[in-house]
Amino acid sequence: MSKSEVREGLAFLMPLILVLVIFILLGVLFTVMDSFFRDVTYLPKKFIGLENYAALFGDRAFRQSIEFTFLFVLVSVPLEVFIGLVIALVLNESFPLRGAVRASILIPWAIPNAVTGRIFELIYNYSYGGANYLLRTLHISSDPVHWLGDPAGAFFSLVLADAWKTTPFAAIILLAGLSAIPSDLYAQARVDRAGFMQRLVKVTLPLLKPVLVVTFLFRTIQALQIFDIIYVLTKGGPGGSTMSLSMYGYLSFSAGDFGYGSAISVILFLMAFGFSLGYLRLGAFGKEIS
Amino acid sequence: MRGKIRRIKFILPLILSHLLICCSSSQEARVIFAVGGTPAELKGWEQLVNGFQWRSGIPIEILLLPADTDQQRQSLIISLEAGVKNPDVFLMDVGWLALFSHSGWLEPLKGIDTAPFFSKVIELSDTYQGNLVALPMYMDGGLLYYRKDLLNASGISGPPKTWENLLSTSLLIQPGMRRERPDFYGFVWQGAEYEGLICDFLEFAGSNGGFILKDGLIRVNTPENRHAVQFMHDLIWKYKISPPTTYTEMKEEQVRRYFQRGDALYERNWPYAWNLHEDEESEVRNRTGIAPIPAPRGAESVSTLGGWHIGVSRFSDAKPEALEFVKYVTSYMGQKKMVLLLGWNPGRQDLYLDREVIEKMPHFSKLKEIFQNAGPRPMVPYYAQVSKIVQTKINGVLAGRYSSDQALKEADEEIAALLKRYRIE
Amino acid sequence: MTEERLQKLLLTLGAFFTFLFCLSPFIYMLFTGVSLRPDFLRPDIPFVPTLSHLDAVLTSESMHFLSFLRNSLIVSALSAILTVFIASSAAYAVTRLSFPGKKFLMIAILAISMFPEVSIVNYLFKLMSAMGWINTYPALVFPYVAWTLPLSLWILSSYFARIPQDLDKAGLVDGCSRLRVLLKIIFPVAAPGIFSTGLLAFILAFNEFLFALMLTTDYSARTIPVGIAFFQGMHGRIPWGEIMAAATITTIPVVILTVIFQRRIIQGLTRGAVKE
């Protein structure tokens, strides 16, 4: 490694480093700083140390938003990874029209979250939405369901809308993992007269483990931040039951309290960071990077 | 050679971005007027704005904001906190006026005589640190709309004066109407989780309820309020005279359309709905009456004071021109146009005595008194957050998430924590 | 039923379910956009096709829909282009040059990509205010570039890694600078990967919501996701027909791009691991 090579390396890297530092890294540092201030549009700016955090600790709405966010991650991520796995298994086999099915799974991913939110807002509409229509036509229930009308219903509705949007992403990553499994391993298993389920459990899943971990990680980080769909579909309601951490931080900003909002987003950041570290420890990452 | 190319790689994005800035900002110094609202209102604004432009020669452009008041607030806060020069002049909901004035975003308005306006409002909300910073464009107070024809048909002589009466008459009439109209409900009102919910709540609570400001604290956990919230809940779930979508979807326009389709007996809404109900295509044309908001038992009725105020941005690059526009829309003639064309309730008291106005809008005499006595919401800069806390709790009760006791108790706790944080004691 | 038949059945069901699951909301959106009334699913209401919603969305000035669309397209395109250049440059360094701390750098970049948007939006707001960029394109382009760089770097690194270094050596021997090698030799060879990266960056920028919400204030720079979230139409009630028509116009280009280039996108997202 010569000196000029190092200099060259740096030169090629500089734009990327600059952009990431200026627009992201400094951002987090600044936000952390701001969280130690009383930064409210109609009050003089003042250093208040950990007071914002102390206030968060006693803030019921904040606690509820953490509960909701955790619950959301706990329910939606495994669900999405599971469905994603099923879809990936299906797409891993060849069958006629596979291309069409593969194209179709990209569509939810390509549509902006805000649009998804509105589509599902219509689907969940009490009087004439698609969901109640399905319930009626499939004779599951003749009374319309007030999907967004109670905490449980709203929660489930959000999970479904989010799953629709993000399961394809999980499916694609898992599909990549599946393709990487050498087919002679399956051939071998067949020779050993292993059935479908056995092949799945003994061959596929173990080899898929690193990819599964990656998928879980990415989806967890994304789910922690959930904002777009909530903003459009429930705005945190009804009665504040679907308030995510991002949403709560945003609400603080839009009421003019930037310091408090910063504190909330620092907590969210720490959670995301904590999860990343946790997954990284599982070691799967060392392989992925190199 | 290498260095040069490297430099180009840096400069190119910079050039691009400067081009972007130049191309995306507007060049002319014109008055940008930000306003949101229903489409009917927008048309009225367009007329007013064109009239101003024609008369004064000052170029002016409307910047349309979303109809939802919270979304308008968010957009304006971003512009103002960032110190951007547009919009120059904008409308503010009286609920967030204090936030804007306390944040130093409003330019003092010079040379305006405030005597013709509703004095209580000017004093409470439009003045800050001795300066006039805003003017009431139009006033709003909650009203009860009712179907005269249906009441008459049931032998009921007039609109209900109490909430109990409203309930009993609804229970009487609703079953019959349901036979032909399966979606008919007795009473439609704003119950979604937004500021409108607070407006309605204050009216259910009456003169002894609402926000209690005492000793620097704001409280809501009182027996009258608990009773009111429980009543709101029962209207939907126990008596079933209000639709289940009340607390998820019902805002002003949803309520108005519901009533206008003929599917409701009573409606709580702002005065703007009157003109639309009397519109050619309305199903309830000539069949609607207005009345003051009913009172809870043992107290007097309260009509929540609403309204929109006009102000000039401190960061505006066209302050004199913006001030001209403010003077124009708050002048006698300007406001009279608003009334005659759109049925708006002006912020100027003197207009309520104008002959033409009274002829066209006979109910204005009632309105004037309502506005003079209407109950304002607390004029504090952090009102938006207090309101959000209470909105969430009340909406939670309507959604079956809390009992009214628990909800208001928690609301008080959270409001106290909020005030403590801001060291406002 | 034999094991094979069972498997085939499950496969068919799975494919069918997948197809339906992914497409039904999308199809519902399409139909509502051209239906006269949004409640056409009710038994008593017929489905009457109409182009009036599309017309209203495209021609109504005050809705500013075309402005939103224009802003989205421009911002996304610029973000994609910038991202590709910056990421290629960095990917080249990572795969071809050795310098200390490479592993640390990659991990740091990966870590940075996990920062939640809301944790940065306040800073970005203050930064853009100070630069006077609020409600202009740079306010969105730069954050979007920063946002998509880690993923782009990841993808391009794996593409570049698979391009044999002999190509470089040949160029270097001929006296080209590293930069020239990158532009004249690597770029053409890695074109598919570069294209996939650009496409992904475009789509990510196109769909972004929070930054657009907080860093812009009106139609001169606001993008489609915010426009659609705030959509209120001309007639007071929620204008589902118009919203869905707007949604259709918004999503059709992205959907077409995705369908045509689905292979590239999938390869991009999975660093070329998915076999045909």
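Each chain gets a letter, A, B and C, in the order it is written, and its residues are counted from 1.
Following the convention adopted for this analysis, a residue touches a chain if its C-beta (ideal position, glycine included) is under 8 Å from a C-beta of that chain, and two chains touch if they have at least 3 such contacts.
Computed from a predicted structure; not experimentally measured.
Student: What are the chains that chain A and chain C both touch?
Tutor: B
Student: Quick check: which two chains are joined by the most contacting C-beta pairs?
Tutor: Counting C-beta pairs in contact for each chain pair, the top pair is A-C.
Student: Could you state the distance in Å from the CA-based centre of chain A to that of chain C?
Tutor: 16
Student: Any idea how many Å lie between the Cα centroids of chain A and chain B?
Tutor: Spacing between the chain centres: roughly 36 Å.
Student: For chain B, which residues are shared contacts with two or more other chains?
Tutor: Where chain B meets two or more other chains at a single residue, that happens at 6, 9, 74, 81.
Student: Could you list which residues of chain A touch at least two other chains?
Tutor: 15, 127, in rising order.
Student: Two-or-more-chain contact residues of chain C, please, as numbers and ranges.
Tutor: Each of 85, 89, 125, 142, 178, 213-214 in chain C touches at least two other chains.
Student: Please give the residue numbers of chain C that touch chain B in the complex, ascending.
Tutor: 62, 64, 78, 82, 85, 89, 125, 128-129, 132-138, 141-142, 177-179, 213-215, 217-218, 220-221, 230, 232-237
Student: Taking the touch rule as given, give the residues of chain C at its contact with chain A in the complex, in rising order.
Tutor: 3, 6-7, 11-12, 14-15, 18-19, 21-26, 28-29, 32, 38-42, 45, 85-87, 89-90, 92-94, 97-100, 103, 105-107, 109-112, 114-127, 142-143, 145-147, 149-150, 153, 178, 182, 203, 206-210, 213-214, 224-226, 228-229, 231, 240, 243-244, 247, 250-251, 254-255, 257-259, 262, 265-266, 269-271, 273-275
Student: Where on chain A does chain B make contact in their complex?
Tutor: 11, 15, 38, 40-43, 51-52, 55, 58-61, 126-127, 146, 148-151, 235-241, 251, 254-257, 260
Student: Under the stated contact criterion, what part of chain B meets chain C in this complex?
Tutor: Those in contact with chain C are residues 1-2, 5-6, 9, 13, 16-17, 20-21, 23-26, 34, 38-40, 42, 63-68, 71, 74-76, 78-79, 81-84, 253-254, 256-257.
Student: Using the touch definition from the top, list the residues of chain A that touch chain C in their complex.
Tutor: Residues of chain A touching chain C: 1, 5-6, 8-10, 12-13, 15-17, 19-20, 22-28, 30-31, 34, 86-87, 89-91, 93, 95, 97-120, 122-123, 127-130, 133, 164, 168-169, 172-173, 175-177, 179-180, 195-196, 221, 224-225, 227-228, 231-232, 245-246, 249-250, 253, 258, 261-262, 264-266, 268-269, 272-273, 276, 285, 289-290.
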